[in-house]
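Consider the two complexes below, in which chain A is the common component and chain B and chain C are the respective partners.
Right after this comes the complex of A and B.
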């Protein structure tokens, strides 16, 4: 479904991604791991259109992605969350979802909005101002809710579990699992926590200094010495 | 919602009933109110682009003047009925706005400067295209507003009803858009443009729509004014006044609210005419500037939010 070939991204002298090749099929749940600054978020930016690669090709269901502007990628079924939550300003939680549905999915369905609010656990906060009425875990939930409201085929989750306490994290993981099963989505999830990746994914891709250094099952990955070396070199708390 | 309905009804009764009843026979007062409403209409259009589109325009005089010339020339040279020509004037201003669309990709001060330069071009065109516009000599005896069902709209009181209806219709359209999905998306774009586009919002296209609509409203108001005063020349039609006064009015009243530009225009213009001018016959604009400065210090969001706070209303997101 998603096919990236030899994607290279540079920022000035820095090479954030070097010849990244990656394929993700429909309904796959892929973990994307790697130390801080490895280029994980940059890869999401390339797929969603916020970063322009210097070289390489990207396609989604055989459509050339790189020719499509950001908003058009949402409409063909690619959704993402932001590592630092970005609730739409000046709007309520419900209005955030309405914008996502109207423009991303291309239709209005009030019942579906209520279902999503229920699903992400924000029904009681629906009429709150999204930018200043929510706690961190609720912000992360809203990120997922906005992405779901666009009715995507592929959803890119950027550290949606980071910063949550254990109980919240467990609950959120259940939500993600259900989302994957019920909606039949393909998911790429960036996550530093090894346990989480082991629990969620059948496949994990490791980025290090902008290069894919492994693409295996999570069990194999965390037995791989090269991966562990790059991980232990990571900043603590990552 | 209840409160809003009551305020709206009170508003309509006041402006369609009480104001004409009180001042209908005082030509000087009513013609000043017509002038204030002309500023108000342009201020509403400017604020629509500023608040929803996130664009600060220093070029609304261009839309005002284009609307005025298109409508005047259609009635004088092509024999169009006045109201049809006024709508064509709005359409003409919308078409003129297409020329500035590439600038929508510019941000903040760059957009403002581009529009300023753009606006200057139309005054030059109107002056130079003498064959059509009669150049600096201007257009005299532009047809006045017609008589409908025995009611002469060309009188001051008739014109009052016409411009009032134009301004209120513009405000209704503005309020409706603001509460629609398009309005939500536009508001969200101010602070979180990437996050909004990621959800599929075509940001530039929505901004362009607001520009076209803002130009349309301004063109209609300019066209109305041309038929009301029955005279045009390039310096008047494209005067910086049509840019500056609406901005002052909108900011004074509160450009983030739908009623702010309207209230601000009435307050600013009428205070200027009836108070500041008698206090300081030359240079009374200085008091206007001071009044605006005081308002910004007192309430950066303008008069209407200030009154709202006074009434103890809670501010809700995008409602």
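Right after this comes the complex of A and C.
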């Protein structure tokens, strides 16, 4: 469904991504891991259109992505969340979702909005202003809700679990699992927590210094000494 | 003394309505695009000059000239937007230079077309007195465009907060990236903002033409007035524009009545500086805004 080939991104003299090739099929749940600065968020920016690669090709269901502006990619089914929640201020939680549905999915469906609110657990807060009155976990849930409201086929989750306490994290993971199973979405998730990746994903891709250094099952990944070296700066057991 | 004060406040409120008309377009574009259109006053003046030409050559009243002014001003507004959209870096700062330059170009174009002579409408009906309760005096133009201003403020507020296009405009202003990821095309909402700003400038221009005299340098002064009111209101606040404009109008009118006409502009500036010192986010602005 998503196919990236030899994607290279540079900022000035710095290479953020070097020849990244990655393919993600429909209904796949892929973990994207790697140390800080490895290029994970930049890769999301390339897929969603916020960053332009210097070289490489990207397609989504055989549509050339790189020619499409951000909003057009949202409309063909690519959604993403931000590590730092980006709600539309001045609008309520419900209105945030309706804007996403109206422009992202191209139609209006009030029942679907209620379902999403239910799904992300924000039904009680639906009429609250999105800028204030939400806890961090609720902001993260709203990010996911906005992405879902555009009716995506692929959803990019950028550290949606970071900063949540254990109970909130567990609940959120259940939501993600249900989202994947019930809605039949492909998901790429950036996550630092190894256990989360092990619990959620069938496949994990490791980025280090802008390069893919491993693409295996999570179990294999965390037994891979090269990965552990880049990840923790030490070899396992050393 | 009391009556003089009351009259001053009444005049100030009406003037405030006119100032609000002048400022709304600038506030809208700033609120939605973070761009300060320093050619906005020139757009207002252009609408006035088109009405003048329509009156002279087509013998139609300034009110009947509104559609014509609207077309001309909208076209120029879209042209300003097209030029702005070519700015790819530091749009907030570079747009200042671009729109300032466009203002100068427009002023000189108006000078070329309409000369430096001072013009005013021959439709004296607008300047005749309208008396409220036997004691409060104003011109018909002031009353009419005060009411127009109230309607447009309410309409604009309603559009921005209640309609889906308005919400999209606010979505882009609130968070451009997030709005795009939700499928909103920021260019559409931005062109829309400029067109609505053109509409507002047109009404301001007709108010100007029916109530006062016009000459080409006036555009620059209007831009400054609009900018001061926008900042006073708190960047992007629409109801704040009306109240800020009235505050400026009343301050100026009280100064004229009780101190001196020559201090009119100074009084407005002092008020502006006082607000900046005491409430830097403006009267109705939020503490911080994320872009």
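Throughout what follows, the second predicted complex is superposed on the first by the 233 of 238 C-alpha atoms of A that agree within 3 Å, B and C clash if a C-alpha of one lies under 4 Å from a C-alpha of the other, contacts with A are read in each partner's own complex, and residues count from 1 in each chain.
As a convention for this text, a residue touches a chain if its C-beta (ideal position, glycine included) is under 8 Å from a C-beta of that chain, and two chains touch if they have at least 3 such contacts.
Treat the numbers as computed from the prediction; the structure is a model and nothing was measured.
In the superposition on chain A, A:74 contacts both chain B and chain C. Of the two partner chains placed by the overlay, neither chain B nor chain C lies in contact with A:196. In the superposition on chain A, contact of A:230 is made with neither chain B nor chain C. Of the two partner chains placed around the shared chain by superposition, neither chain B nor chain C is touched by A:137.
Shared-chain residue A:41: touches no atom of chain B or chain C. The residues of chain A shared by its contacts with chain B and with chain C are 48, 50, 69-71, 74-75, 79-80, 82, 86-91, 95, 98-100, 102-106, 146, 149-150. Considering their complex, residues 48, 50, 69-72, 74-75, 79-80, 82, 86-92, 95-96, 98-100, 102-106, 108, 129-131, 146, 149-150 of chain A touch chain B. By the touch rule above, chain B contacts chain A in their complex via residues 181, 184-185, 187-188, 190-192, 194-203, 316-318.
Residue ranges of chain A in contact with chain C, taken from their complex: 48-50, 69-71, 74-75, 79-80, 82, 86-91, 95, 98-100, 102-106, 146-147, 149-150.
Chain C contributes residues 164, 167-168, 170-171, 174-175, 177-186, 289-290 to its touches with chain A in the complex.
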